[in-house]
Structures are given as structure tokens and as C-alpha cells.
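The same chain A turns up in both complexes below, where it pairs with chain B and then with chain C.
Now for the complex of A and B:
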């Protein structure tokens, strides 16, 4: 697969210089298969001087409960943001799926379908041997109600006929996880068996607890081991995190070398000014109103639209992903619906 | 400067020409791009959300329809009241308060009715026919609390917002004054009374919820409770002007006389009698 010189130059320019010295980005196509296939052929392996991240974690990437961050348009500490986001999502959990449909006119389903199909879980052309259907462990972060995880299971087990794919849904909010667990009872048994639900803070995946029914004893805490995940996804969750760089580094830790980080999130549509104006007016006027009518909670939806506004642009977020140690292909992101949403992908370099 | 460069330069050029933000800033990157905020006027009181006419109309229609479908959504009924109170009606109510000495005192003192401000155990110790005792007996019988009222958010004038809040918090006192229960039938009858008395559009439009009543209930409403509500609502003094905190130890019949409100037939007793009659007939039918 030929690489266009302009894209290669651009890809090279976009990595911070210290990584540039170590990594050589040979491919430009953002799709997973191309990323993985390019990295697998011996001629294109990364330079052997790349080791697993020996860089010290910068201060801003270490969670600090008293560091200021934003909660919508307000400034709060990281600890307070965790609590307030918890309140928001416990309040909206029951009507979450209905609200998503109303806010995006059902278009979030298209985005999620595209996200999952572009990742094509269950099919890894890198697997040793002739069969691309190797076992995979997928970690879906902030995956509460299960939209992404269920699509992953369907694609892996049915479309790719790979039964060795298991999905762990992790969420910090037990109310959202409970909704996901209820919805999962409608899946075929084999898919339910490949699914597990854990409560965890994405900034520290060494402390996860399996979802327990209320009233039962607290289950033991366990860690997600380093280099144990093939695919780490987070859809419409990362903008609610208190410390995004910390979560990106935790993603880096749990992914196997060659593993993929994929994020679907709201982003900036300001490349199309008229559309952007209409979109913003809809966001700030209609969405809190619908939240009041359907969910009885205007403030949570006001927070949600403000948090979309506060989330970094496509390029800034891509730079944060690169800063965490991932390598990206081409631009590093794919705009959906004019930039209303964007898919960012990165790969953990092979040692 | 950095913002302009970011927006005008193409993707390929950006990382070469524009000064890169320090990576440390990337944990709070939104400061580097212009933020959108809708053009709303500043709030007039805590919790105030100034809506434009289109938003108010949408809120009125949406909350009206949805609360008709599910009358248990008290928050939607509250939003419906606020969205339909302007232009004329809430100002008329505020002026009615300003025309009365007690009303003026209420507007000056701005008392709030919550379970803490009212001292419910003290009310329970009052004499049997006092306003306070009737009120707390009614609260206990219906199993409700004075704390479940939503705060007013969509009325722009701060004083009118207080008037709406006062109306909302006094609603339970109107229940105690008239003796009507919390069931749908009782609420519809009380809303009809409130409309005849306060002229708030939400109260009048809530009477259409009578269409959702059972046939027997609707007949009772049309025959007895609607005429009672209209007659008494029009005849009585403005109930919004009653300083309830000062009337807690007044005899409830004396207050009714002073206001010009007659108690309607006891709806709970009628419904209870009907239920027993039905049970008796069913038992007889079986035998």
C-alpha cells in the first residue's frame, strides 16, 4: 500500500519531535486493519530503539483531586467534577437512550454503527497463523448502557464468526451499568457470556469492582493488568473525565503493544460556520428543554451541552493522544456529520 | 492571534506555522479556542433561565401535552404554569397582592413554606379545627410533604417569580382549606377553584384533565364540583393574599367564612362509600 508523500510528511510533522526520532510512521490510512497490517510486516516495524514508555508521567497527567478543571462552563476541582458527573449520570441513566435519540434524531446510532464497523472487532489480520480470528479482549470504557459493547459483540461473534472475543464494559457509574446489564439480558446467551460489567474510574484501572446487585456484599477489587487489552474504546464518555491525560495514559498501560485506542466523541463543527451556528443553537436551546420535558432534568442536559463545548478540538485531542504515547495515522481523526462527532484512533507502538 | 491562525491556516500548515500550545495546557485546552454561549440575558435571580419567546412557547406546548399524559410529572405542571403565566396573568396576580395590605406584607416578607419553616410537630399539637392542624392532618392523610415543590425558573421578573413560588407552596393549604384529596378528581376540582380565583392559565387548562377521569368521576365533577369551584372561586377573596403562617391557629371554619369559601362535599368519603357499595354488590352477586 503506497503512502502519499504529502500525507507521510504531515504525519511526521504531527508527532512531537522526541517521538518522531523514535517512531517512523509508514502508513497513512486511519482504518484499523491498515494500521495493524502496516505495523506487522517486518520491513515497516518501528525502530528497535523504541521501548515501552520510559518517559516520566508529566504532572498534568497525574490525577490530583484539588486541581481545577471544568464542569461545563463552571470551574471546579477534579474531585468535585467526579461527584457532579456522577449525579448527572445517575439522574439521566433511566432515560439516557431515549434522550440520545431525541437529541440527535437517532443519528447517534449511525455514528456508533460506523465506529464499530470501522474497528471490525474479531478480525485481526496480524494474528500469527493463517486464521485472522484470534482471541480478542475488548475494553469499553464509560460504556454504561452498552451501545458500543453490544455492537462489538454482534460484529465479532456473528459478522466475523469469531466466538473468542470478550468485552468488558467499564463505567464509573453503577446506575448506568445497571441499565446496561438490564439491556444485555436481551442478547443471545453466547454474547451475554462474553460480556462482563465492572465499576471503575478510567483514570485508575487498577481498582475495578464487578457490578454487584444492591444489597449483596461488596465484591473484591481487582486490577486490569497491563498489556491485556486488544481494543480500548470510549464513546461519548471521555469529555466527562476529570483528567483526560491520566485516562489516556491508563489506556496506554492496559493496551497490548499493537493494541488500538479508539474514541468516539463530540467535537468541533466550526469548519462549517452556518451549520455550526444552527447546531449550537439547537444544542443550547432545544436540548436542555427536551431534557426538562423527557427526563425532568434541565441542568444535567445543560451540563452535557456545555461539556461538549469545552472538549478540545479534533487536532488538540489528537495531540493529547500522541502525547500519551500512541501513534496515529494520517490526520489521526475522522470527522462525522461535519465535525459534530469525531473518531480518534491511536495505536500503542510495538516494542 | 493564536485563535485566528488556528482557524485560517489549513491542517497541513498549522503545526508548522502556528506556535504550539504547551502540552501542559492540553489538560485544560478549551481556553485556546473561542467558546460559544447562547445569547441569553443575564439571570435575575438564582436559578433563573431567561427563555426567548420561541423557547417559552415550546416549553408551554411540550409541558402541557406531557403533563396531560402523565399528571404525576409535577415538575412539568410547574413548568407549564411558568411558561403560560406571561404576558398578562402573573402580573395581574402580583397586582392583586399589591392591592391588599396582607398581600403587600407577604411580598415584603417573602416567607417560604417548607417542612423546616413550618414546624410540623407543633402543628400536630394544635386544636382539632385549626388551620394548622387541618393542614398537617391533610399532609399525613395524603402522605405528602411540603418540600416537593420545584423552584420557579422561567419567570423573568423576580417579584413575579416569588408570586408564582408562593402560589405553588400554598397549594397544599388550598387543599386543606377545601378538604379536597390528592386523587386526580380532587386535583381537577381544586384547579377549577384556583382558576376562578387566581386566573392562572395553567389552572384553567388543567381542568381539561377532567377528560381523563372515569365516567362516574366526570359526572360528579360536572354536576357538583365544577359549579362549586366556579361559584366559590369567583365569590371568595384572593386566596393568594392569605398569610398562612399567621393563620395557623385560626379556626378553619372561621377562615372559610372570612374568605367566603364553603367546603365542598367530602370527596374522600364519597369515594370510600362508592368503593364499599361496589364491594358489597360484588359480594352479593357472588352469593
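Now for the complex of A and C:
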């Protein structure tokens, strides 16, 4: 099977029109379909990114600014969603942590602590420094205010006494990163030195910009190299992405073989109907109201609860992770508080 | 892991197994009916009843634990471990005798398998999964050992002696990790892991009674399993403090407990017989006196 796409590409270059007549093949194999559309514009076929993506990425996992997606209960294009999510988080950045406490009765701290301790970053069965594999690079996506990153550093540096752990906090939104950067000044100097803040879109980590002071013009961009990350975490962020399959594939690219993708996200509590009813009442009635009273921004919190509702169930999201190439242990996820939130983990297998 | 060929089992045992399928089990009624129907109509002996420790062919992970009965007519359900879990746990298990059922063993195993320290964190229950790996692999190894026991010509000893031999074989499976076994028992006793541990114990004793050739489908199905569970758990605990060569103290302990259980069983049977005789005799006496019963 592995040879066939290459053979097809050769055939396509020779006789694209004849092959395009074979409708059955065209519709049965999404990869080929993608190739065929690429072949219709020969210039694109020779661009390396397009061919690389065409060969192993299904169409739905390639970001497309004009493809429809959902923003809460509304349908918008992917490009529009990026803008509107940016507006939401710029407006909530200042009150984000206070609001989290109010909305979840402080329980989000328990989830985050459990998430980090279940990953046990910095743990090494040998004394540190003896083995080249002991240092770890953690990439915290959508980690703006640093909640997860600071816990990771604490576990790695203090609990596991492994100073060779560094964390890159990445967020698409500079307002959230600025809040995180301010909070990080309270950390010990050694932990601050192990932190870096970059602005990037999780669907394309080849272009990241270090968080800089607002005056700097043309900040340098750099790429997060392939196979360079031990642990990729995203906590309460992935449901805001415009194209989740593309982000999962980008996570797969930057992780080392054996590296772990870990996601903490709101999920479905359908297994407990009574509890679910109360939870839904709370979400749809109380949370927008609290948002209005405390943060003066009802719409952003309305979006928040709607986006939770639209996010796929535990099993569906697990299948998306497997589809991106990861392998999972057990059922692939762990429910927290009856499924209000869930932790999904996947590992990049060795090639 | 090789599965014992089903065809080699006697037809009597196969029929008995089909009867066992009819035995009440905590399945939904529809499922049970379907199972009964399949068992009575097809009776095909094509599939092995032995469940593999990790069905490496499984593509989608399932945590569906094995069903509570043995079937000749249906393929075994997938094991509780996904392929990657099996790989990581098998590698980690080699470090258990030195490092115990610990995150250290898991991380070292991941390194041995060519992965990173962090890789082992995808194993869902961490160290408890490692304990489960031991329990499941040892339980499933029992079928092969049972075949070896019958090969030695010990089969003539009856069900009771085969139960003792199999229980002893299973206890010997703990010998390699006996130094770490108290730690493992402590992990199994953690409240969130208790249901899974108890279920695994139930499946083990069911396996032992099945392999011993017990075909009873009366209420003793439950009492046999309950008493063997208690005896096995006690013997396992006894073994963790046993310093005698070849664990012969544990062996004696096990024999004494099983004898006691059969004595109690005999006593119960005698009491029941006496009661039923006395009841019918007194009824007859009353009838002979003209009482309308």
C-alpha cells in the first residue's frame, strides 16, 4: 500500500486527464482525490509542502481559511473563527483566572494538578545528567496564562529534582501570553530561565514569534523543529482551534517518537443524566451571567459554554487523535468529575 | 501465547462447557438469550476459549474485560491491553523483581523498548496497570500449565486435587515477584482499584474451577468460587511472609485450607440431608395421623 500513492503520482504527471476519468478511484481514495486536485495546477504539485501534505494528510486536516467551522452555535469560516476567538480571549485575558475559579468553584485547579501529576514531567529512573535522554522539552500549547506550565516546572524542578526540563509556552493570543509573562515573574529565577513564551498558531508551528515588547517591528520568526518535543500539552484550548485535525498533525510532527500528546479539555457528562442536567443548567444560565457581572462580557462566556457543547465526545476525540497517527493506552481518555472534563493522551509511535 | 487446541478436549467437556454457558451470568437478558441460542444451535467448536493476554491484532482499544463464562462457540473478547500498552508493560515487567511495581519500573521499561521516560505515562492506571499485567498474564498462563499437569498423569486425582494443583501453580507464578507482592496488594487495595482487583480474582478462580474440569451448574457454582477466592487470597498473603524453601509452608497452608473447606462442604451437605430426611419423615408421620398435607 505504501508504494501506491507514489506510483499514482508518477502516473498523474504523465496522464492526468485519463486518470481523472476513473471516477471510482477518485472517490474511493481521499488521498488520491487530493492529489488529483493538486495535479490540476502543476505549479502547486511541485511545491514541497503541498506534495508532502497531499501524500499523507487527508483534506480535512489541511487548514483552509474559507472552510466552514463552528464558533459556538454559529457557523463561520476557519479564518473568521481565528479572529473571533482572538477577540474573545483578548477581552477575557485579564479576568481569565478569576473567572475560572468562579465558574468551576475552584475545581479547575484540582483537574490541572491531576493532569500534571499524571504526566509526572521530569521523572527519570536514573539520576539526572547520566543519560542523554533525561532532559525534557515540554511544549504547552494555548498555555497563555501559564497555569499548566508553572505546575509542570514545579513538578519537574522541585518534586522530581530535574532541572533539565524546559517549557515553551505557546499561544496564538499575545494578550493571554502577556498575563502569563507577568505571572511568571513571581517564580524562582531558575524556573523563569527554563520558560520561554512564543506566539504561534497551533495548526502551523513552523512560524513562531517570541513574545516581544509591543514596540518591536518585524520580530524574527522561527520554527519548532520536527521531533523535538517530549511532551505536548494543551489544556482547555483545543476546542477553540479552527482546525483540530491539522493541530493534531502538527503536534505529531513536533513530538519525538515516544513523545506524549496530552490534552485536558471539557467533555461530555452524558453518562450521568441527572448530574448532566444540573451541569447544563449551570453552564447555560449561570456562567454567562457571572461573565456579565464579573468580567462585564456576556458574549465571550456565552461562546465559552457553546464551544464546550460543540466539542466532540470523549470517544470521538480519541478517534481523532488515533487518526492523526497517535497510539493510545486503555480507552484513550480519563474522565474527570463524571466527564465534565477529560484527559486524552496519545503517544507518537516509533516509525 | 499458544492456545490449547479445543478439538483435543473430550466431547463430554465440550458439552459441559455448552451447559456452562447456560449458567446465570450478569449479562443483559438479550445477550444471554443470544448466547444460549448460539450455543444450542451451532455447537461449532472452531474457536478457542483461551483469551490472549494482548490481542495484538486489535485496532481499536477496548477496555471491555473478558466475559464471566467460557465459550466454545464465540471468539474470545479482546484483552484489556492495547498493543502499545502490552509492549510497554511487558518491558516494564522485567524490572519488577528489582524495582517493584513502581513508576521507576515503568520508565525503565519504556527506555528498554526504545521510548522516552515520559512515554510510560500513557498507560492509563500507571502502576496498577503493571499489577494487572502480572495478574492477567499469570492467569492466562494457567491453561498451558494445566495441560502440562494432565500430561504428567495427575488427572486421575479428581477435581479437588486438580483445584489444589492449579491453585498451587498459580501461587508459584508469584514466586518471582514475591518480594514486591505486599506492595502490589497495597496498590490493589486502593479504593479506585478494588473493583478491578476483585474482578480479576473472580476470573482467576473461575479459570481454576474450569480447568479442573468442574461442570456443576447448581448453586455450588457460587459457593465453590467464593470459598476458593477466600482461600487463594489468604494463601497469597501467607506466601509474602513465607521464608521456607520452595514455599512448602504455603503449600501446607493451602492444603489445610482446602481440606477445611471440603469438610465444611461435607458438613453442610450432611446437615441438608438430615433436614430433608427429617422433614419428609415428619410429614409422613403427620399424614399417617390423618393431617391433610
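FYI, the second predicted complex is superposed on the first by the 285 of 351 C-alpha atoms of A that agree within 3 Å, B and C clash if a C-alpha of one lies under 4 Å from a C-alpha of the other, contacts with A are read in each partner's own complex, and residues count from 1 in each chain.
In this text, a contact is a pair of C-beta atoms (placed from the backbone, for glycine too) under 8 Å apart; a residue touches a chain by one contact, two chains touch by 3 or more.
Only a predicted model underlies this, so the values are computations on that prediction, with no experimental measurement involved.
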Exercise. Just chain B (first), just chain C (second), both, or neither: which does A:107 touch?
Worked result: neither
Problem set entry | Touched partner set for A:70, first chain B, second chain C, both or neither | first
Problem set entry | More chain A residues in contact [chain B versus chain C] | B
For this session: Using the touch definition from the top, say if A:275 reaches chain B (first), chain C (second), both or neither.
Result: neither
For this session: Go through the superposed model and pick first if A:331 touches only chain B, second if only chain C, both, or neither.
Result: both
For this session: Identify the partner contact of A:121: answer first if only chain B is touched, second if only chain C is, both if each is, neither if none is.
Result: second
For this session: List the residues of chain A that touch chain B in one complex and chain C in the other.
Result: 331
Exercise. Considering the complex alone, what residue numbers of chain C touch chain A?
Worked result: 60-63, 82-85, 88, 99, 103-104, 107-108, 110-111, 114-119, 121-126, 129
Exercise. Which positions of chain A touch chain B when the two form their complex?
Worked result: 6, 10, 13-14, 16, 58-61, 68-70, 73, 243-245, 268, 270, 280-281, 284-286, 289, 292-293, 296, 298, 309-313, 315-317, 319-320, 323, 331
For this session: Give every residue of chain B touching chain A within the complex, in rising order.
Result: 7, 11-12, 14-16, 21, 23-24, 26-30, 32-33, 35-38, 49, 52, 54-55, 58-59, 62-63, 66, 73, 75-76, 79, 153
Problem set entry | chain A to chain C touching residues, read off their complex | 118-121, 123-125, 133-134, 136, 230-231, 256-260, 262, 322, 327-332, 334, 345-347, 349-350
